[in-house]
Every structure is written in structure tokens, then in C-alpha cells.
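Here subunit A shows up in two complexes: once beside subunit B, once beside subunit C.
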Partner chain A sequence: MSYGKLLGAGTAVALVIATAGFAGSHAVKSSNATVAARHNQMQMVGYHIGVLGAVAKGEMAYDAAMVEAAAKNLAALATMERATLWAEGTEQGAADLSRAKAEIWQEPDAFAAKFKALEEASLAMVGAADAAAVGAAMGPLGGACKGCHEQFRGPKIE
Partner chain B sequence: MSYGKLLGAGTAVALVIATAGFAGSHAVKSSNATVAARHNQMQMVGYHIGVLGAVAKGEMAYDAAMVEAAAKNLAALATMERATLWAEGTEQGAADLSRAKAEIWQEPDAFAAKFKALEEASLAMVGAADAAAVGAAMGPLGGACKGCHEQFRGPKIE
Partner chain C sequence: MRTVLKVLLVCALVGAGLAWILTRPAALDEGYAAGHQPDVDAGKKVFVAAGCASCHAAPEASGEEKLVLAGGYAFASPYGTFYAPNISPSDAGIGGWSLPEFARAVTQGVSPEGQHYYPAFPYTSYIRMRPQDVSDLHAYMRTLPTSDTPSKAHEIGFPYNIRRTLGGWKLLYLRDDDMLADPLSEELERGRYLVEALAHCAECHTPRDALGGLQRARWMAGAPNPSGKGQIPNITPAKLDWSESDLVYYFESGFTPDYDSVGGSMAAVVTNLSKLTEADRIAIARYLKAIPPAE
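Right, the complex of A and B next:
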């Protein structure tokens, strides 16, 4: 059993994630434990999308086990139980560094559907047979991120 | 559907996690994306153990759905695919802020068994019927954390 020889020191992944502006936007940790845990969840999503993106762009060698692991971890992150991570009272304005819109708690079914879309886009990546197939599956994956952020994420905190 | 009324602003949880010294030790983010993702994973573990610990101590009201969500999320975190998160070349000394011992890659089956222990201790928490039952299940959960850290986590980084 071998854990990911291909990632090495993770330079390519760091590059991809930094370019996406994700790591930077969460450089400061929320004083609210629930919000901090959500940011951890989102950063793990960003990391795995970074891995897949690097494979799609040819910045990281295609490896079937690595792609499948990334896809499955994304699905696991998408299906996390929301009771602990999306506790009421942690919307933007109420909790430090939160960008969660109040609509998350007002429209829980619509919010759940967004995570379902992420789960499905992630599972569609399982079995991608080469870098081109990974690239083709990146669109729906990015679309799932965007779809949720547009509806349920508030403005950037300066 | 309601997302965790009981956590409120998460003050009790923040307190528990801070007391455990976990949040503080990861205040600085690794420049290595893989290590940062692992820290996110461990922080999510710490958060959910904090939730359960707060229930056990009576600092947070017992709520069956919340306890089950925390336990299931812990199990999901324990069963994350390791290919992406434990990439070779990210041991302590080789990657910024990593405390992962080289033994992780030398003894992968023993390492996998530690996560299996965390999964089992987490699933044993599902169905805990009151705060006392949560408390009783905390021991094995803490033991799973400790068992892995003692064998596979290197010295604290000053």
C-alpha cells in the first residue's frame, strides 16, 4: 500500500489552490468553532479539487488511484452531516468570518440540493480513465461549487 | 429540517477545543497543501470531539440528532481516502509544519488500523441515548486519537 507518491511535496497543488484564491481568503481563522470547522471542510474540498485540476492540466501525472481517492473524498465531504457544521446562529454577520447566508437556514432543502449536486459531480469523476476524462468531469464539479456559492455565500469579507 | 439550534454561536465548543490546545497548535497554516488539508481533517475531528465532549460535560444540551451527526462525521473523517491526504514526501522535516512520522509510510497497515479504531469508536457513539452515554463513549474515542498520535505523530513544532 502506498500513499500518493505522485503528489510529492504538493507544490503543484499548492499553486493551483493559491491561484484559485481559496487559501488566501481563509488565512485568518474564525473565533467561532463551527465556522472554523466549515472552513476546514471547504478547504478540504478546495484541496481535492486542486488535485484533480492539477491532473486535468497536466501539472500532476494522472494516477487512477489518486483520482478516485480525490473524487471519493469530495463525495464524503459533500455528504457530511450538516447538524454540527451548519448550526443556527452562525450566518454572516452573526459569527466571525462567516459568509454563510441566512437563506441556508431558511431554505434547507435547496441548500441540501447543492451538496447533493457536489456529491453527484464528485462521484461522476470516479473512474475517469485519463487526464482528459478528469478535465471533462471538472466542469460539473466547478459548476456545483459555483451553484452553491452564488445562492448561499455572502459577500467577501475584507 | 433544522441545523443544530443547540450550538448557537458555538461558544462552548470553542472553549472545549481551545482547552484541548488543538486550535492553537494549528494557528499557522502549512505552506504545503497536503499538510494543510490534513490539518483541516484533524481540526474537523477536533471540532466534532469538542461537540461530543461538551454534551458529555453538560456544557451543551443533549440532542440525539446532534450527537449522531457528530459521530457520523467523525466516522466519515476517519474513513477518508489516504492517497491524497497522506502523500509521500510530507513527513515531519520534509514538509512545513508536518508532524507526521515517517513510520506512517513504512507501516501503512498499522497506520490504517489506527483510523479503523477511530471509525469504530465513532460509530459506537451513534445512538448514545443521553449525556452519560455520550460520556461513556468518549473514552474509547479519546483513546483512538491518543493511540494514533503516540505511535505516528512526531514532536510538537515550536
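Right, the complex of A and C next:
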């Protein structure tokens, strides 16, 4: 084997190792990033429900534009494409901090129906005419959150 | 030598006889709920507060299907897996049970055939139920839809599969005294009745000892989730720092103070609590504020 060939083979091996290493770290980073993105989605859901809840409880004055904006953002969050956010292999136990149950990927139709329920409950909030109407629409919104978290969210592990 | 053997034999027989008597299923008081006219509507409220459908409906049931008490829900535990039985008013369930049979099952954990039930069925809490409430519940449950689904046998290993041993367990742990002592305001009495008797909160929120009995000194101090994953929270004032109105809103809507939502097994509990009166939700919140803090 000439020196040149040896160098070539060595470079190829090094490249393979480097690529594998990169791909490995990329996969780990990617599933952590996916879980983090999902948590951001849920944080936004919680933020907007918090605006509506504050109006319902009388902690914040009723403002038609704010209520409508919160309701529409909730509907938009509920309709975000799930392929990137709910990537396979990111269930609880497989990805750090994830509380997503494996059933999400085993029962995709049932899971999709939960987001549909959130979308519908959010759209029902659009145009709530006063604080009492916001309060009444909070029930179905809470029901949508609860329905999904009952079936598809795993326990909090301290 | 023969005398010694005779004495030992007599001791063994007396011991076995005593054990047999002590583990014998308890009888119901005569004249149970006597003179009470059963009220189906009141029974429905008891049914909701006691959470019967949460465990006895078929596992995938939702909405109105939750009233078909076909059973089948699996409860993992350190002793094996328990399956909720069919308790619909059919031959496969509790159809034809008299009030005394029903009351003995619910409040003493004894079947009409005189067998002990496992305390996965929270008769350890229901023992505190008022006879008129049991009577109303019995009347309401007879109006529910029937199901012919056969009850599934529990998957329990030796020695726990010997039901007679539960008689000994009951001697140790089945007691009807209240945790929050008298005298209490009428509202706190109502909260205590809802929490300690009907909603049976302590069955999950209080830790258990090696034999599965509640550690009453650590009342509501939280416990490992029997499913094996995670922790059921401490809800004594030592850890639960939500305001009374936060608690009431959580019971009604399922939203925590920071607008996370209830999930897991507690979701079904909140579904039930949301159907109670506001006064009942307030009573439960005040009860939780009144119990001793436990770290």
C-alpha cells in the first residue's frame, strides 16, 4: 500500500468516525430540541389561557380585542403541524424531560382529535362578549386540556 | 411427652379457631338505613362524589358510556394486578343485590357470598358513608344501563390470593373513625365527609406501609404512584400553597394557578368534582387547609 493510499484510507475512516459522531450528537440534540419546542408550544397555550382565565376571574378587565387575540392564538397553536413538534422517538423515557406518552404515536387519530377539541374550544371563545361569557367558555377549554393530559401525558418525575 | 403434644395440639386448634373467628367477614347492623325512603336523584350526587364510574366504567369509555359500569380497568400494585369488576345492574354485575348486600359490600368490603374484597376497592373510606347515602346510591345504580361483560379475575400471587387473610388485614386497618377530629363547623364536617368518605382522596394521597395500610400519621402527605412512575403529591398545608380560591377553581376547571392543567388519574377526579356544588368544592378546599401539615 502506497503512502498516498494509506493516507486516503485513513482520511476516509476518520471521516466516517467524525460523521457518525456528528450524527449521534445531532440526534440527541434534536430530540431534546423537539421536546423543548413542544414545551414552548404548551407554554404559549398556558399563557393565552392565563389571559382568558384572568378575565374570567375578574383579575383583568374585559377587553374584546385581547380576548379575541388570545382565543385566535390558541386556535392557531392547536392547529400547528405536528410532524416536527411530535416527532417519533421523543416519548417519556426516550427523551429527557418528555412527558409524552407512547400512545401518542400508537393512536394518532385519537391524539389528533384532542387538538381538534382544543381548536374548537378556542374558536368558541372568539367573540365572547363579556367576562361571564369568557368564564362560560373556560369550561370546555379546560375540558380539552384535561382530556388530552388524562390520556396522553405521563406522570411528573421529580 | 404425650401430654406436651396434647397441649400443643389444643393450642394449635384454639389458635386456628380464633384466627377463623377473627378473620370472619363482618355482618351489617340490623335495621341498616331503616325508615329511609331511597332518593334516586340524591343517589346520583353520591355516585358522582364517590367517583364510582372513574374506576368501574370500561377503560376506553367516554361521555354517557361512563354510566355503563362494565368494569375491566386494571390497577397495578405491588401485590399484582386488580381488575375493576362489573357493577352494572345485570346478572354479570350487582343486579338483584338487596340493600343490605350492597351496603355490606360498599362499607365492609364483603361480597354477598361472604368473601372479603381487596382494598383496591376503597371500602376503607366508604365505611364512613351514612346509611341513607348508601341507600340512595343503591337506588340510583339500579337505574343505570346493564352490561353482560364478565368480571375479570384479579392476577394476584400467593399468599395474597387467599382472601381469608384480608380478615386479618381488616383487623389492622379497617376503621371508621374520622381523621380530622370534632368539633368542626358544619362546612368542615361536609368537607371531611366528602374527602374522607366519598371522594376517598387519602387512598392515593396518603402513603401506605409494607402491608398496604394507610399511614395515618402521614395523612395526605403524598405517596409513590402505584403505577410505579412518579409521585402523587403532598396536599397538606406543608406543601400545597395554593389559595382557597385556587383550589376551588382547580376542582371546577382543572386549571392550576399557572394554567397548567390536571392530567393522569386526577383528571377523572376533577371531572367528578366539577359536577358538585360550589359549596362542596369550597368545603373540600377548607378541609385541605385544615388538616395538619406533614412534610
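Structural remarks
Note that the second predicted complex is superposed on the first by the 127 of 158 C-alpha atoms of A that agree within 3 Å, B and C clash if a C-alpha of one lies under 4 Å from a C-alpha of the other, contacts with A are read in each partner's own complex, and residues count from 1 in each chain.
Everything below uses one rule, namely that contacts are C-beta pairs under 8 Å (C-beta built on N, C-alpha and C of every residue); 3 or more make two chains touch, one makes a residue touch a chain.
What you see is a predicted model, and the numbers here were worked out from it, not measured in a lab.
By the document's definition of touching, of the two partners only subunit C reaches A:149; subunit B does not.
When the shared chain is aligned, subunit B comes close enough to touch A:76, but subunit C does not. Subunit A is touched at more residues by one of its partners, and among subunit B and subunit C that partner is B. By the touch criterion stated above, A:50 is placed in contact with subunit B and with subunit C alike.
When the two complexes are overlaid on their common chain A, residue A:90 makes contact with subunit B while staying clear of subunit C.
Once the two complexes are overlaid on the shared chain, A:41 sits against subunit B while remaining clear of subunit C. Contact with subunit B, but none with subunit C, is seen for A:112 once the two complexes are overlaid on the shared chain.
In the superposition on chain A, the residues of subunit A contacted by subunit B and by subunit C overlap at 47, 50. Residues of subunit A that touch subunit C in their complex: 46-47, 49-50, 53, 57, 138-139, 142-143, 145-150, 153-158. Those residues of subunit B lying in contact with subunit A across their complex are 1-10, 13-14, 17, 23, 27, 29, 31-37, 40-41, 43-44, 47-48, 50-51, 65-66, 68-70, 72-73, 76, 79-90, 94-95, 104-105, 108-109, 112.
Touching subunit A in their complex are the following residues of subunit C: 225, 227, 229-231, 249, 253-255, 258-264, 267-268, 270-271, 274.
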